[in-house]
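Below are two complexes that have chain A in common, paired first with chain B and then with chain C.
Let's turn to the complex of A and B:
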């Protein structure tokens, strides 16, 4: 059994993922793979890469769902949600406490959950313990791989400060991913979570994930913010040509 | 720790977006590719495809050496040869053609970004038979825009993302352009603007729309015209804008006869308007005239005429365009159409955006502010890939113009070098006089006809090009008709060719309609001579695509990370609305196999053939340094070259200037791109903004700083109608006359997709279309070990309700049947799709063994193409003639017109997609194909 940090982490680093603007493009998925296969958890192997069942270790995946709100008569009532998912760096991370070798651990300084591959025996208990399916056993390395929040980017002193963010955040074309410290109530991620009703994934399970999801905004009520009527009113007096004549007369009165 | 030892900037080519990338190198290999934060296209972001570039570079599907066919065509039996031999073979074939009849070379390229070179090369060779892939991609968007507003979407223009308050996206099948659209949508939603997506399928972008309208395919035009009907009825159109910037006030002759429908003009060809104050005609000069927009007038000649706007209002106020009629065709309720019109009008006219920026229009009038109508529109493939797409695209631009939202704050914005004169200047060359054995052609093979006399036809009205572009069958085929080349060449219609030379175009698979017959045409022999019907095929590709097996000579290309390239202002640049921009690719790693960049090969071939532009006076190659040499030193006109930045001997000039020997180094120092910012007072209303037009003329985008008047009414289309009515010298063959009445309306019109007319609704009740997955670009990703884990096979998606009615279960197998063929596929049920529509991801299905995938790879076992169901010809509908399945105006391949029926397959049948084709074996072999990849590990195992 592995134990928790003695002190609660000073920082709680994590991601905010905006489901309202994620278009499901997989940029975060592939850029994560690309960075990490040569980074801290290197390599992330792929089996049968050109064969019948190509599969590999990925630290981040996107799942797409159709969500119905009961009005699917014409298809317009439901919505499609793209849902990116990686390790949520839980405060109550059972993947850590079940680890028989101490390979899985949660860092005291920033709350990041990591695997020490030297100690990992690939038993897979942590993956069983994770309710989110966020850990993947590498088929070639025989050890568990997981999101590191790009620990080799966020603290990389050869990077400029704006570059010190996880690969998935830097690459997201819809700017749907944000990185920061949830322990700081004034951080951008804390404020976003507050303003947009960011929520814990499966909060009822009690794992207290650090990452937060911003819900899709409900589709704009018709005309909301636009102030448009349901339909335009046809011009009455003199019909269309009468209207046109009035407009032209007005226009010709003064310089346009 | 630094990522690698070295960083090189270049331009991505995992799709056609042209994002700037930074490639990190470690120990001489590629460690990591990321978006370049300074780059104007992607501002640091990079999509799934771009992020998988490293796997594209390492793919075992890469060709490794020039190949000569030794077995029968189609069997992929090759022997490896040296480059010298390959180039000698090509030179001997091409040299003979050039001396005999240069038209016998058909040179067609795919999604290539060096068309400024390839088109010029074809012209130097002397053949008109050249085009790139635009004809089967989105020529309807380009032509619809360029013949209406002098610009278009994507490379030609973009929404004002910053200021837009209401955004409508039509038929954007998740491509074009990729990262800029995502960045834009994100900004737009962040700003609280409303986003409406009109698309039969709710995936990707449509998934984050505030409102999704699952329209019936091919009916968008009618939806748009019904919105216009509502706007006109309510007087919600920008009359001031119409008078200032469009031909709305120009008088059109109403009398029957040779002048019918043409503009009334002065002797020096100026259009005439009716002046309300003087109550008489006068030339269109906004500094003086107060033009009328309605009323039929009698001219001094006794002829009757009316302003364009009069005709336009009369047309669209008619009940033919009522929301009720449109509702029947589109499936969008009339109340929704009315509400859309109300929302558009409210945002456009009650939520004006005003920028405090004085400017002066081209008529000399100063304006204190820039007033914008913040309605943005974007459209692409779903509009384009129908046989009514040209008119639908024109209707969309008409809607934008009526709302006054072309190149205004919050609206659509042109990207320099657009707007261009309507249409742009060059005419296509290829008439009898233009083509001479042993000589270059008199002009470029592609251009913009303005009159029936510009067509490339012989005395009998038959096409002079092998693809029949610019013929009476497709007069405004401004991007050519690549999808007809193989069929026509096989038939020798209009004449036989000798060599088909293709680059980067998968014409024996996903880029062909009717794949099975296409393959047969490529392999069939003439019984008398024993030669293939298409005698010689040369193909250049970097990978073992399906088409490789059908070539006699293979010229293997490099990957995009191993060569020079140029995204040129002469082709399709990377400009933004804020200013012109162009870019380059530089080789970031050397090739590790015996391949050469295609552009280098083309220049080499040109020199070997002695093409004038490619040889120096002593007969030696003009560009001995290859493409990099050409990019710097080639001048199209004095001072005009491939790249606009860092010109002049010292690199201080932009736009025009002498070649700069250090130009490429300067590009590299600048991140492999160059951009310029247009002056603030020139930022909007570019079509009529004196400061912008002066800037554009100085940069060489336009010849004269003259206003670009938006052509709501197209006199050019009317000229073709008049010809078909028997007027003028250029006359169509009788068989084609009827089409002009139906399809060459000078005002935007709507007619059902042509397959709808050819099919019985009860036999083929469904529409079938494709979408492009964001993580895979056409056929460019199946060899990629990471991307194929995301999209390794495709399903046929169908609505739950329709599936229930057809007894189709989720995951079940179905037969999809069209009037042309049958395909078997596995289904996935969903809610977010139009009930009358089935769809699948484009080009995921692959032929067994190709792309160096294993024979049991899901791409071939479960993946499938809809292409097998699409006939490249429409049925004979009584005239005895079969037209291309294409837009009758532009020749755009009408992929999305497809009609099918779907039935459950017998569950006892094998769970495999059909049709299947014989497996092919890669010439480079399958030995050494990795069973495990450990990319990034110190050592990798194979």
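Let's turn to the complex of A and C:
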């Protein structure tokens, strides 16, 4: 059924992504692909994976941006922000309501948005309805693929509790990704969001995404506090080197 | 958005078919379509043929066409599903009507009900087609009240032009149908001009890369490294921008073929009553179809999807109206200097971006 759950889900599982400490290593991207190529009924396919125009379905992508606030000191204001993007498991997920077949659905119990690959006709309308670009059509299977929040890991009782988290979270070497329940105000993800001012992507679209992004902390100027001089100035004033400096300076001025 | 030929073929062909069905059914009911059997039956068959060809064409872009029947199940929430249900439902009264016209040319009782139901079904189906696009918030150009009425108007316009040609061909032109065609042409293009005006305004007021990522409330956010080195589904499907370069020329041609030519030719066909009227009405119809195909191509090619904001960077000079991001940058204690742009790298990124999306 492609209507949204009538009651708000008891749990709201999702991710917190810390843009301050993501180093852009793409490990979450690769581990997501690795885990989910086996986790789906059909693999997450690539076309021409070793050819000149390799392409494929991936559920998580890391964009990298140069960010500044417009007017900055040279060399101090611009910074690189790595920006991982996957399904945000929105509360008002239009990708679900536009689905004509019922393949796309939002789970009542935990709010995870999933695709039933047996029902998907591959019309692509859900991908159009997603403002974030979270869904990609599988080139081999002809069905829509998306982040499942690693539903086959987080509820997998054969895993030890520390492993019961999405592959992207488990693999992140910087711990820039956190998984948890946003319906619980005392969960780690809720507290992180509260403390660090976590925000919704494109809140004005009204999709009410579950995943939250933590903004980069404000950067301090590069030269601050390490005692480095502003610029390198000549220090030779006397002796042979001082004489050489004067001679070379005069020479460079030319005859006048 | 990518202008997929199967979707352009579907929306224009089914629009024509449903427009014809609407005009034929209601026209017969109010007596402006003559009772000539073959005129009516061939008109209905052309309409149903065009609808069926459109529906078949729409399944061409599916990953799993054999599962298309499943698309009838979610009419409670999905406009695409509603369109499918109504499209199939409309066949029933349309075929009943055809049967009635073959048997006894009558339009009483069940056939009158069929005519009204077929006309309503045709209009509702085209409305659903428009709403599929109008209901997508990420595509701002489409997500507005004019989208569905424009689909209705162009369906009526092509349908009326086709029926007008049929009437002229069978030597039974009716002023009412000719005037209906003229009215529909003007109405459709008035709405389309308003639509195109709105698009111009949207370009300068939409969300930006800075506001979409929430990384800067007023400033510079631009792509440094793309998330993938080759193209992907998102860029193929939503990164289409070849058409925008030629939008002005194509718009001019859409006006020429869709508005000016059919308007003048139909007027001439109405005014003259000698031999070339058949040819005039035929060219008016064909020209109108070319205009609508151009309009539909632009409808897709000109529409921009928010996901592309994550791929392109731009300098924002004015503060976006809404931003989810908290202001986070402390003002610099030093005298401010505007950062010099990075023309070479910027250009390189944009070139790579266009290459990837084209």
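By definition in this document, the second predicted complex is superposed on the first by the 211 of 256 C-alpha atoms of A that agree within 3 Å, B and C clash if a C-alpha of one lies under 4 Å from a C-alpha of the other, contacts with A are read in each partner's own complex, and residues count from 1 in each chain.
The rule is short, and it goes like this: a contact is a pair of C-beta atoms (placed from the backbone, for glycine too) under 8 Å apart; a residue touches a chain by one contact, two chains touch by 3 or more.
Quantities reported herein were computed from a predicted structural model and do not represent experimental measurements.
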First, second, both or neither for A:200, with chain B first and chain C second: second
Contacts of A:66 with chain B and chain C, given as first, second, both or neither: both
Chain B versus chain C as contact partner of A:80, first or second or both or neither: both
Contacts of A:130 with chain B and chain C, given as first, second, both or neither: second
Partner chain in contact with A:50 - chain B first, chain C second, else both or neither: first
Partner chain in contact with A:192 - chain B first, chain C second, else both or neither: neither
Contacts of A:213 with chain B and chain C, given as first, second, both or neither: second
Chain B versus chain C as contact partner of A:171, first or second or both or neither: first
A:94 touches, of chain B and chain C: first, second, both or neither? second
On chain A, positions contacted by chain B and by chain C: 24, 29, 53-56, 58, 64, 66, 68, 72, 74, 76-78, 80-81, 139, 141, 216
Residues of chain A that touch chain C when the two form their complex: 1-3, 19, 24, 29, 53-58, 61-74, 76-78, 80-81, 83, 85, 94, 96-103, 119-125, 127-133, 136-139, 141-143, 197, 199-207, 213, 215-218, 221
Chain B contact footprint on chain A (complex, rising order): 20-27, 29-31, 33-39, 42-56, 58, 64, 66, 68, 72, 74-82, 139-141, 152, 156, 158, 162, 167, 170-176, 216, 219-220, 222-223, 225-235, 240-241, 243-245, 247-248, 251-252, 255-256
Contact set on chain C toward chain A in their complex: 1, 61-65, 67-68, 70-74, 76-81, 84, 132, 135-139, 207, 209, 211-216, 218-234, 237-238, 305-307, 310-311, 313, 315-316, 322, 324-326, 328-330, 332, 334, 336-339
Complex contact set, residues of chain B against chain A: 1-3, 26, 31-35, 37, 42, 44-52, 54, 60, 166, 178-179, 182-183, 185-186, 189-190, 192, 194, 202-208, 210-214, 230-236, 239-240, 243-244, 276-277, 290, 292-294, 313, 317, 335, 338-339, 341-343, 345-347, 350-351, 365, 774-775, 783, 785-790, 792, 799-800, 830-835, 852-854, 856-858, 861, 929-937
